[in-house]
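Labels run A, B and C following the written order; every chain starts at residue 1.
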Amino acid sequence: MPACFAENPAFTALMKYGGVLMAKTVLMSPLTGITRIVKGAAASREDAVALSGNDEHKIKRLMSKDPYVERLKAAHMNDLENILPFFVIAILYIATNPDSATATLLFKVFTIARYVHTIAYVGKIRQPTRALAYNAGLIINLFMIVQLIKYSL
Amino acid sequence: MPACFAENPAFTALMKYGGVLMAKTVLMSPLTGITRIVKGAAASREDAVALSGNDEHKIKRLMSKDPYVERLKAAHMNDLENILPFFVIAILYIATNPDSATATLLFKVFTIARYVHTIAYVGKIRQPTRALAYNAGLIINLFMIVQLIKYSL
Amino acid sequence: MPACFAENPAFTALMKYGGVLMAKTVLMSPLTGITRIVKGAAASREDAVALSGNDEHKIKRLMSKDPYVERLKAAHMNDLENILPFFVIAILYIATNPDSATATLLFKVFTIARYVHTIAYVGKIRQPTRALAYNAGLIINLFMIVQLIKYSL
């Protein structure tokens, strides 16, 4: 039976890298919001009204999609698809009582990979930078899942 | 090293507000599904077929986007972007052994803010109601992240 | 006050079904990526450039939406909307110290229901298969939320 996983040193590492990863993920939203204002791209009709008053022509323009806002949204979505599962997997993985140095290294590399992914996506850096960063994160998630399933058998 | 965080009274508060928050988040999906049926907006081709038989004209109409369904989906998406990270952050934050009254207050205000956000979004309430609710939630997430990073240093 | 929830046998069950569920969720992303390559549907402009060089005509074709890619993305999105909340709810639910056989059964049925949901969505299986699988998952989430709220009162 797994011991209380908060007592594993790997959990302290998860707290550290978790803070750093969540800072990035949570800040993607206001970054998108600020870009919406700068680029003049509203998220909904009442936002367009708040920005432009009742000028129907302006509202229509504010409601059109901006490619840079769409890119930020895609990067954010990719974070939700990968970083949120990472935490679920990491917490359950810690409960398998893994070697804490291995676990800490996995969390560290995952954090770096996801920062590189966002920078490559938002900064339109030539492929395969983003693909490599993405795959590094994915492989770490899959590695922990395999440990989890092995432990359960 | 953090103690078993489930023993912190703040964790009991997270269980309470967690139930209330998750009830809202999880119910956004069936609410969207019911609205799809009422408004006649299908999520996929086989749903359109199930609702209309094989009348190609009806299928096409069912596949068009409904603005109210899109609004519910946007509100739900915003929940996933903010409420799911909140739980990750809150669990790690509790492990820093914070003052339990402070933690409970943060969880309570976050829960209220997210309910106001959804009501403002779905009810098309004039801005800045939704923006204020959104920012309250964001600031609470960022505050806990800062505590987490501070603790790790 | 809840005991350390990792000591509950239901937590071991969550580790097992969690691994199985997360494997599916996390693999939806590379499955979409592979389908994008096979079907020739790029996720962003720089991906299109990487696949086709600088032929503007090819880039435009690669940027158009593929219905099968969109279907995989919808199935993945539905996982994020339901499976991620499931883990938050399940961890908090375990902390209410439920009967471990009941909890294990809930986790097992949820896992099966979500696999059926994905197979039905991706395989375009006639409704109501997908709707039934979806509702089974939703009801389990709601049942645990009710237990959570009851426990907190």
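Here, a residue touches a chain if its C-beta (ideal position, glycine included) is under 8 Å from a C-beta of that chain, and two chains touch if they have at least 3 such contacts.
Treat the numbers as computed from the prediction; the structure is a model and nothing was measured.
S.K.: Same or different for chain A and chain B, when you check if over half of the residue numbers at their contact belong to both copies?
M.R.: Interface between chain A and chain B is built from largely different residues.
S.K.: How far, in degrees, do you have to turn chain A to put its CA atoms on top of chain C, rounded to the nearest 5?
M.R.: Rotation angle between the two copies comes out at 120 degrees.
S.K.: Averaging only over C-alpha atoms, locate the centres of chain A and chain B and give their separation in whole Å.
M.R.: 16
S.K.: Name the residues of chain A that each touch 2 or more other chains.
M.R.: 4, 6, 80, 84, 91, in rising order.
S.K.: Of all residues in chain A, which touch chain B in the complex?
M.R.: It is residues 4, 6-7, 9, 11-12, 14-16, 18-20, 22-23, 25-27, 29-30, 43-47, 49-50, 76, 80, 84, 87, 91 of chain A that touch chain B.
S.K.: Can you list the residues on chain A that touch chain C in the complex?
M.R.: 1-6, 71, 74, 80-82, 84-85, 88-89, 91-92, 95-96, 121, 124-128, 130, 138, 141-142, 145, 148-149, 151-152
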